[in-house]
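Here come two complexes built around chain A, the first alongside chain B, the second alongside chain C.
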Partner chain A sequence: MRKLLYNQKLAPYLFVLPFLLTVAVFWLFPLVRSFIMSTQEIIYGQAEFLGFANYERLWRDRVFWKALWNSLRYMLLTLVLLVPIPMILASVINSKVGSERIKGFFKASMFVPALTSVVVAGIVFRLMFSETSSGMMNQIIEFFGFGPVRWLREDLTGLFALLVIALWRWTGVNTMYFLAGLQAIPQDYYEAASIDGASKIKQFFHITVPNLKPTIVYVVTISVYGGLAMFLESFMLYAGNMSPNNQGLTIVGYLYRKGIQENDLGFASAVGVVLLVIVLAINITQLVATGTFKKERTR
Partner chain B sequence: MSTNTATKPTPAKPGPMTSEPVRSEDRVKPMGARVGGWIMAIFLIVIAIIALTPIVMIFLGTFQDGGELIRNGIGFNIDFSAFSIANYEMLFTDSGNYFRWFLNTFFLTVVQVTLTLLVSSFVAYGLAMYEFKGKTATFLAVIILMTVPFEMLMLPLYVQINDMGLADTYAVIILPFLAQAVTIFFFRQYFIGIPKELLEAGRVDGVSEFGIFFRLILPIAKPALAAMAILNGMTSWNNFLWPLLVLVTPEKFTLPIGLNTLLTPHGNNYELLIIGAFFSLIPILILFLAFQKYFIEGMTAGAVKG
Partner chain C sequence: MNRRRLTASVLAASLALGGLAACGGGGDSAEPAVNEDGSTDVTMWVFAEVHADFYDAMAASWNEANPDRKINLEMIVYPYEEMHNKLQVAVNAGEGLPDVVDIEVNKFANFVLGSNPPLLDLTSAAEPYRADIVEARLDLYSKDDKIYGYPTHVGAFVAFYNEELLSAQGIDYKTIVTWDDFRAAGQKYNQATGKAFGLAETGVTFVEPLITAQFGGEWIADDGETIDVDNAETLEALTLLQNMQTDGAISTIAGGSPDAEEAYGMINNGDYAAIVYPAWYTSRYVDYMPDLAGKVAIAPAPVTANAAVETIGGGGTGTAVTRTSPVADFAAEWLAYAKLSPEANVAVWEELGFDPVNMSVWEDEAVTHNPDNKYNQYFTTNLFDVLNGVKDGIGHWQSFSSPNWPPVDNLFRTVTLNELFEEKKPAQDVITQAQADLQNELGQ
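And then the complex of A and B:
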């Protein structure tokens, strides 16, 4: 035993062993099983091989397409909101104008929503998006002469509520990502540019954005993943996995419904495989398109 | 606010370098920067207030009638005269399993963080400090680990733990999350920065390989440990989806699971839902105020280059 602890050849294996064991048992094994189950029909533990029948069923399943569309549009809209807005906020905080104290207060306040669990966020926003005229969101739009709106009963207003939750929770964290990226840009670049007479706007697009590319790629990657895999926000907002006309149903929500609630394990696994393929396809395309792989190779 | 403005050295460049917009009249600076500072301050404060509103609202809700809140929603017209501390009395005298859920969550978080940090720092250290066969494969495993959504694994995992007879146990809540890609990357990056001579020095002094890790390396890595403890602690404290599948017995529930059971259309304990939700935030808010730097570092650790 004593010898083991001193053996330099063996030590690295001992260090990585717990990791490899966890990955094998709780990650690799279920991953493989997911693919296998997706080709089976499983009733009370009895599995029957079906080939691609589950995928064919999926192809013809209107509810699945609805869920897929819901996830895709949510993902795209979160990208539209959660990349530019935090980038602009980070640039504002990073500028030399303004009080450090107020910026500190701002950073801390923006971070607080990220500390809340999806359960707490869901409870509060469900109550703020109440369809009564005394709900906060209805009070706000009534101030501008609209409403009241039955937020969670209509497709687009329900989507709006989900986007507000996403914006509320993740703007602060994304801003911090961009702030870290901004602070890594050498100040000389800007000084040289202003000597050459480049305007602030020009500097933003020609210095800030290109230098922030690694950060942008990272934030886009996690947002694609987070957007497509979104489920709990909807689950909490609608107080369960049911929503009018399935307007809040996402891919993972459908997986949960089929797999956990209806015990249709084979079919639900096929949903999971499709989710994996989409997430990987989008991320790989994105990484290739932005040249991230090339950089990795030369390093 | 004004006292330390006077003691601050006046920056060499006038105008944009100054950071205090408030006491601007006693300094020479361009009108534009002063107005800009004010506009920015107002802009930032307004956004900060919007961000804090939901938290403030749930705090105000703890003094209100829960059933009414659920019926009428949370809004601006709050009847402060009807405020009472009845919900607080209920919380501390008659809240059923609530504090049990609190302790369960606390216990799970502590165990989860300890084990995750151990497993993740181990593999990161192995990857950073040693050359060995299978190193590239192990590193690839970490990268691929990052790209597969847990949501996809939850179903086969759920079947698997039911087969193993481990449903409704704390072990399966913790074990699948021991290997955390972001945590591993973060530690690896940190360990790579530590000079290898330190290891050699330890070996010359007759310290074992594990002794070097625990007695020489970990103490240096305290800031990294703090940041990752916070990241994983947050994840564990707020973990919802997996415990939702695994846990069945109400006595074993964690806070998110327990609170979720209170959010039913025909519930009769909405007071506990509101005040319970608020109290579940308190430990994290306190930690955040104390260790803000580590929170921000930990929760934005993902952008660290691998």
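And then the complex of A and C:
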């Protein structure tokens, strides 16, 4: 026994075993099962083999493409918002500008939204974006002289509401990531640069951004996945999965509608498999392009 | 043997077999779980608090009538969506099911798919009451001539008019008989006040089926499966609605239907004067629109010229017994009493304000015209006077009970009605698109 435990060859495998088991039970098995189910029609646990009929139906389904488009544009826009804005905020917090106490308070309060329940927040946002003239957002824009907007009935204003939720919820978290990344950059670089006469802006683009690259890659990766997998925000904002013209329907929302609401688990599995392929394709391309898979030395 | 002891012995046996028997679970025994005092435990899932109160009352009244075979009803209330999803997962997994469950009509088809549905055939348990029950409502929850669920109400479409607002413009709601009258009255009202008259609903598929049915049409063909939304009657119905919208007789509403939080406030405020909706909407007036007490009249729903049917039933809840329940037969017997008996149907009206499915109640003046009834006090006309007037003209709209109705309803509530009333696309284009989408979705 002792010999086994002290075995140098075996030890590494023992240490990664919990991880491998978790992956196998919670990832690999469901994945294979989903793929098998995607080729079946399932009624009350009775499966019947269909081949690729579910995928064929998916290809021709207008609503699927709409959901895919909704998810993709949401993902892209969250990237546009949730990478630069938190990066700038983190730089401000990390700089010597302003009082430490105020910045400390700011840091803490920015993080609070991430800790609140999306269910509660979604309901609050739904009421804020109400189409009646007494809704909060309508009162704000009325103050600036614009008429009431039917926020959750028009495509773009509905998207705007979803982006506001995303921004509200994730800015703090991303700021923390960037702050951690910033604090790992040695101060010497900045000192040397300022002795050479580089301006603050030049320093930001030539020292901060390149040194933050691992953090940026990480944030982009989780944002791509998070954006494509978004469901609950839309579900709460539209009080269910039925938004006008499916404008708030995401690809996961579509999966949920098909599998859970319409009892078509086989078809829903096909949606899930397609989502996985898309997410992996985007993420792997992006990781390869940014050189994450290269070895440390050759980078 | 009570259920807990049964579970314990099964557990012991499974331990003895090295856990092999555990796969079978505790529900294998067909022996009903009767307690020592002769009562039977029955679990039930519902999605509305008011329904739970109603069933509790019916359990109490059953226990009074059957002291030796009492029911020990354990009621669990879940939110609407959550309950149906949980049930869906349970029927697919084949375990964790309740004995009795309330299933909303638009979800019902999901639970009677295939040749071996997970619900118990309730036909024989309904027999003692069947003669008095509106057959069309049983059809709604039937498949292959087997009844799988008992209805709660008829849900006949009626019209609710805000008498005060209408008479201020010199409109007498009693003169509104056809949709043309409705349209003219709405146009007059809208031009005089600048306010909305009726509703163009984008979030609920109700008035469109009503008018299509009045024109004699269906959305799903006679075989019960083939999608047929692109037909002359539907086109006529949707065009009629679109024209009414153009004239200002109907307008869209926040929330997409009168049965939404935003809408209650606006209707209570007098922003909308006429609502054509199933009769169960009475309860929403009484519960959510207290300011309109004594101002709202109930009248027959408008009809088309030479209407095929005067009105149809809309919405509903079918209560079912799960087939694998160990107490299925007892539960079915109780359920028939709780939902179909005359006593139950009096309670449906008095407690819930719904139009009951047992027609004998409709004629019982002592019940229907009870001056102490809160619904009778709220409205200026009596619901049953209206219902008895159209009694012979209540049609059954087949499409509502088709297994393919849920996707049709989904599509209309999300896309089709929005295209019609918000984007104002031509009705023909809208139904052509809907037909194509549904055919693809259902592989037809």
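The rule is simple: the second predicted complex is superposed on the first by the 267 of 299 C-alpha atoms of A that agree within 3 Å, B and C clash if a C-alpha of one lies under 4 Å from a C-alpha of the other, contacts with A are read in each partner's own complex, and residues count from 1 in each chain.
Here is the rule we use: a residue touches a chain if its C-beta (ideal position, glycine included) is under 8 Å from a C-beta of that chain, and two chains touch if they have at least 3 such contacts.
The structure presented is a predicted model; accordingly, all values stated were derived computationally and were not measured.
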Tell me which partner A:M87 touches in the superposition: chain B (first), chain C (second), both or neither.
neither
Touch check for A:V149: first (chain B), second (chain C), both, or neither?
neither
Partner chain in contact with A:T132 - chain B first, chain C second, else both or neither
both
Scan A:F106 for contacts with chain B and chain C and give back first, second, both or neither.
first
Partner, of chain C and chain B, that touches more residues belonging to chain A:
B
Figure out whether A:A53 sits in contact with chain B (first) or chain C (second), or with both, or with neither.
second
Considering only touches as defined above, state whether A:W27 meets chain B (first), chain C (second), both or neither.
first
Identify the partner contact of A:N263: answer first if only chain B is touched, second if only chain C is, both if each is, neither if none is.
second
Touching A:G98 in the superposition: chain B (first), chain C (second), both, neither?
first
Have a look at where A:L212 lands relative to chain B and chain C in the superposition and call it first, second, both or neither.
neither
Report, in rising order, the residues of chain A that make contact with chain B in one complex and with chain C in the other.
130-132, 260, 265
Considering the complex alone, what residue numbers of chain C touch chain A?
81, 84-85, 88-89, 91-94, 110-111, 113-114, 116-118, 202-203, 254, 256, 262, 265-266, 406-407, 410, 413-415, 418-419, 422, 437, 440-441, 443
Tell me, which parts of chain A touch chain C in their complex?
42-46, 53, 57, 60-63, 130-132, 153, 240, 242-246, 249, 257, 260-263, 265
Of chain A, residues touching chain B in the complex
2, 5-9, 11-16, 18-20, 22-23, 25-27, 29-31, 33-34, 37, 89, 92-93, 95-103, 105-132, 134-136, 138-139, 168, 171-173, 176-177, 180-181, 214-215, 218-219, 222, 225, 228-229, 231-232, 236, 239, 252, 255, 259-260, 265, 268-269, 272-273, 275-276, 279-280, 283
Along chain B, where are the residues that touch chain A in the complex?
1, 16-17, 19-22, 33, 36-37, 40-41, 43-45, 47-49, 51-52, 54-55, 57-58, 61, 69-77, 118-120, 122-123, 125-127, 129-132, 135, 138, 141, 145, 147-149, 151-153, 155-160, 175-176, 178-179, 184, 203, 208-211, 213, 234, 237-238, 240-241, 245, 255-256, 259-260, 263-265, 273-274, 277-278, 280-281, 284-285, 288, 292, 295-296, 299-300, 302-303, 305
